[in-house]
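Chain lettering (A, B, C and D) follows the sequence in which the chains are written, and residue indices restart at 1 in each chain.
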Amino acid sequence: MINKIVKSAAEAVNGIHDGATVMIGGFGEAGSPIELIHALIDYGAKDLTVVSNNTGSGHVGLAALIENKQVAKTICSFPRTANSKVFPELYHAGEIELELVPQGTLAERIRAGGAGIPAFYTPASLNTPLAEGKESRVIKNQEYVLEYAIKADFALVKAETGDRYGNLLYHATARNFGPIMCTASKVAIVQVKKIVEPGQIDPETVVTPGIFVQKVIEINNPVDESQLVEEEMSYP
Amino acid sequence: MINKIVKSAAEAVNGIHDGATVMIGGFGEAGSPIELIHALIDYGAKDLTVVSNNTGSGHVGLAALIENKQVAKTICSFPRTANSKVFPELYHAGEIELELVPQGTLAERIRAGGAGIPAFYTPASLNTPLAEGKESRVIKNQEYVLEYAIKADFALVKAETGDRYGNLLYHATARNFGPIMCTASKVAIVQVKKIVEPGQIDPETVVTPGIFVQKVIEINNPVDESQLVEEEMSYP
Amino acid sequence: MIQTDKKIGWDRNEMAQKVALDIPNGSYVNLGIGIPELVADFVPKGRELIYQTENGLLGMGKVPENEMADRELVNAGKKYVTAIPGAAYFHHADSFAMIRGGHIDVCVLGAMQVSEQGDLANWSTGAKDAIPAVGGAMDLVAGVNRIFVITQHLTKHGDPKIIEKCSYPLTGKQVVESIYTNLAVIDVKEEGLFVREMAPNVDFNYLQKRTGAKLNQYAQRQV
Amino acid sequence: MIQTDKKIGWDRNEMAQKVALDIPNGSYVNLGIGIPELVADFVPKGRELIYQTENGLLGMGKVPENEMADRELVNAGKKYVTAIPGAAYFHHADSFAMIRGGHIDVCVLGAMQVSEQGDLANWSTGAKDAIPAVGGAMDLVAGVNRIFVITQHLTKHGDPKIIEKCSYPLTGKQVVESIYTNLAVIDVKEEGLFVREMAPNVDFNYLQKRTGAKLNQYAQRQV
């Protein structure tokens, strides 16, 4: 029997090695797999390259992972947000590397990584500093920038519902990068609010087919990141 | 009010001009928009380039469109099937052009057309006759073929459920090329079995968001193409 | 009667209203963060627009009553929003396929600078100590058919934002169609900048003085 | 006792069974049309495999009772199938993302020819009057991690299918991992073809005579 369900967040993140590339889902706090991130802080893997749209808020979740000096490099589109304090400090101190990527290009590079497309052309960032040093090409009288796929060793993703095959449903705009990150990583680790029996998810509505998922952990009541940030909590 | 619903198949295909590129959904008979194709036969547009996985069965649907000499060129992955009689004859007579594309490359080229990606690299077809004359490139020690996006003027697609915004649900493996063809064509024309009010389709389950669809026509009881083929029916 | 306090220019709502009037019925629209968000409040009666937010929602609705806020239903500015009946959720690659693929009709963005060729700078001052953050702006200007900019005519320091050549790093080159400021509506044409409308108590000289690029007048006023 | 009618080789079911034994538990598998489809009937007890069909279904189930057939639920060979509980439907670009992206563990395909380097030809004889049709074969061999070929050892005309160099147009170069024929199981290694197992009443010389490329024996029989 195929069974991708694991019993704890600690078991879920077990094996994330130093130097790994880790994709972390979420757009701000929506879809951020905070319990998995905290488990990764406990686990302690260092020198990580993190691929994520943002760099976290306050002193919990992704921000706490960065604050804990486990991240050597981030690949993201929007590293500063209203509540991001940790990243700016380390960035100015030269203690964390940043690869800034336009959001759509970031999404497409991740999608390409999962789809076996090593590189593609896009009009985004042309004639801007973010295209500097990149190859460009004229196709049908328009110029495009060559961009390469991003793959990862692991993905940490938050979804709503899952089954033992790894099939996933998401909730609202918490979907964001989750589905493509599952496809682009060797080991996609997903926290879901609810685990159901195979067949309880209508095959017409599956968002992430189980083939893209390696571990599922049920976290019934994930903490409310926004609230933790407001309350100035920190982890660990 | 936005209302993409049209009243007849004739109205749906109205405006498809001679020389147009038309994507036609379907994998064999599953998802083939036969009523729209028959309306296009009645409408009479000629010199069409048809992008479709197959070339139709018997003497109805896509095969009838080809038999009626409306198609100058087909772009497809599998032009011969057990019941395809029309295409082979015209192909041997030199009356129809064929661009043969591996199925996954066909799908990705259409997806790219809809996603504003003008070209991408793929490992498929490398070292085969289908890569001859195509540019290739080594990326991270592996060689890939450069493939270009396909766009169309129109798409004819079959779905299950639609609303006035053009949101669509599909049925089982009739989904196949429908969603990506809607994205890659200027005017996506969709026959659905049932039209519902906006909001009746759960936003979490929408397969084709309405933005990709221009016309929706309700065909409650589409004909059974397999049965028509068995009965050796022909159209018109 | 001496008018020493006569009002010059439009306020933010009036600017947003000008933009709203220029968006055709049935359009798919992406609104940037800030003043652009106000545009949704001024859609003329009888028009229906569909709002896309690049973080995965087509059919964004109004701001929710506070107690109804869903923490996982946010817009690109990470504010809580709602979904209209007929909305659809999708992942980020599909969302930017929508944007890059030319399916969004209009995008309304803020600006730091706009050049007379329609170049837009709105993501970075290029300052060495700034944390660069680009978000989806470059994809939006590259992919959306019509880019409207809504902005104050001058910076907080009184410098013109509409200039010959952007000094800040570009978001995109030759992408802006029209600029809506508190002083005027200006179209970006191949031949240069053309003033389509001026705000109350603004005249051409007044406007030109506050603009860092040559302004043109339409030969015949457009109706 | 003289055995004039002794059975030589395996039948199709036995060939399929050999393949089935080599597919690890939990694998995601794409089965080609024809003999490959039989593999699903011989999955050893205790193993669960998930079948993908490239026309948009993960979790393909058994052939339906005739009266239950859904005309829009077909496999890549356009035959009616079913979906297991826990299945998922998706569109063609997502399906081939799955294939090209290396997510399918095993693909079992038929063959016209296989070369000693593992080149596969299975889509066209290259004849001038033939209608070329490739389907998803090239994407499958390029993207799936392990390609198993299941085929009769000889063509209908008695010619070897396993040869030094394919004369037919290739589907992919150096893609085949193992070949399962009615006479033997043969592994494709960098050093050449290695016979892993021979069918009843087949010996090495018999096999070599019917093979158009040099066969090797494993130094030590693998268990």
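Annotations for the structure displayed:
The rule is simple: a contact is a pair of C-beta atoms (placed from the backbone, for glycine too) under 8 Å apart; a residue touches a chain by one contact, two chains touch by 3 or more.
On a predicted model such as this, the values are computed, not experimentally measured, just so you know.
With contact taken as defined at the outset, subunit B and subunit C are each touched by A. Note on interfaces B-D and A-D: more C-beta pairs are in contact across B-D. Between subunit A and subunit D the centroid-to-centroid distance comes to 37 Å (mean Cα coordinates, whole Å).
We define each chain's centre as the mean of its Cα atoms; on that basis subunit B and subunit D are separated by 30 Å. The mean-CA centres of subunit C and subunit D are about 57 angstrom from one another, to the nearest whole unit. Residue positions of subunit B touching 2 or more other chains, listed in rising order: 108, 111, 115-117, 122-123, 170-172, 204, 207.
Shared contact sites, meaning residues of subunit D that touch two or more other chains, fall at 57, 83, 89-90, 96-97, 99-100, 142-143. Shown here, the protein chains touch in an arrangement that is not a line, ring, star or fully connected set.
Pairs of chains in mutual contact: A-B, A-C, A-D, B-C, B-D. Remark: subunit C residues 53-57, 70-74, 78, 83, 89-93, 95-97, 99-100, 124, 126, 129, 131-139, 142-143, 169-173 touch subunit A in the complex. Residue ranges on subunit B touching subunit C, taken from their complex, read 1-2, 111, 113-117, 163-165, 167, 183, 197-199, 201, 203-204, 206, 209-212. Against subunit B, the residues of subunit C that register as touching in their complex are 25-26, 28, 48, 50, 52, 57-59, 83-90, 96-104, 142-143.
Per the touch definition, subunit B reaches subunit A in the complex via residues 108, 112, 115-123, 137, 139-140, 142, 144, 148, 169-172, 202, 204-205, 207. Listed in rising order, the residues of subunit B touching subunit D in the complex are 27-31, 53, 77-82, 87-88, 91-92, 98, 100-108, 110-111, 122-130, 170-180, 207, 224, 226.
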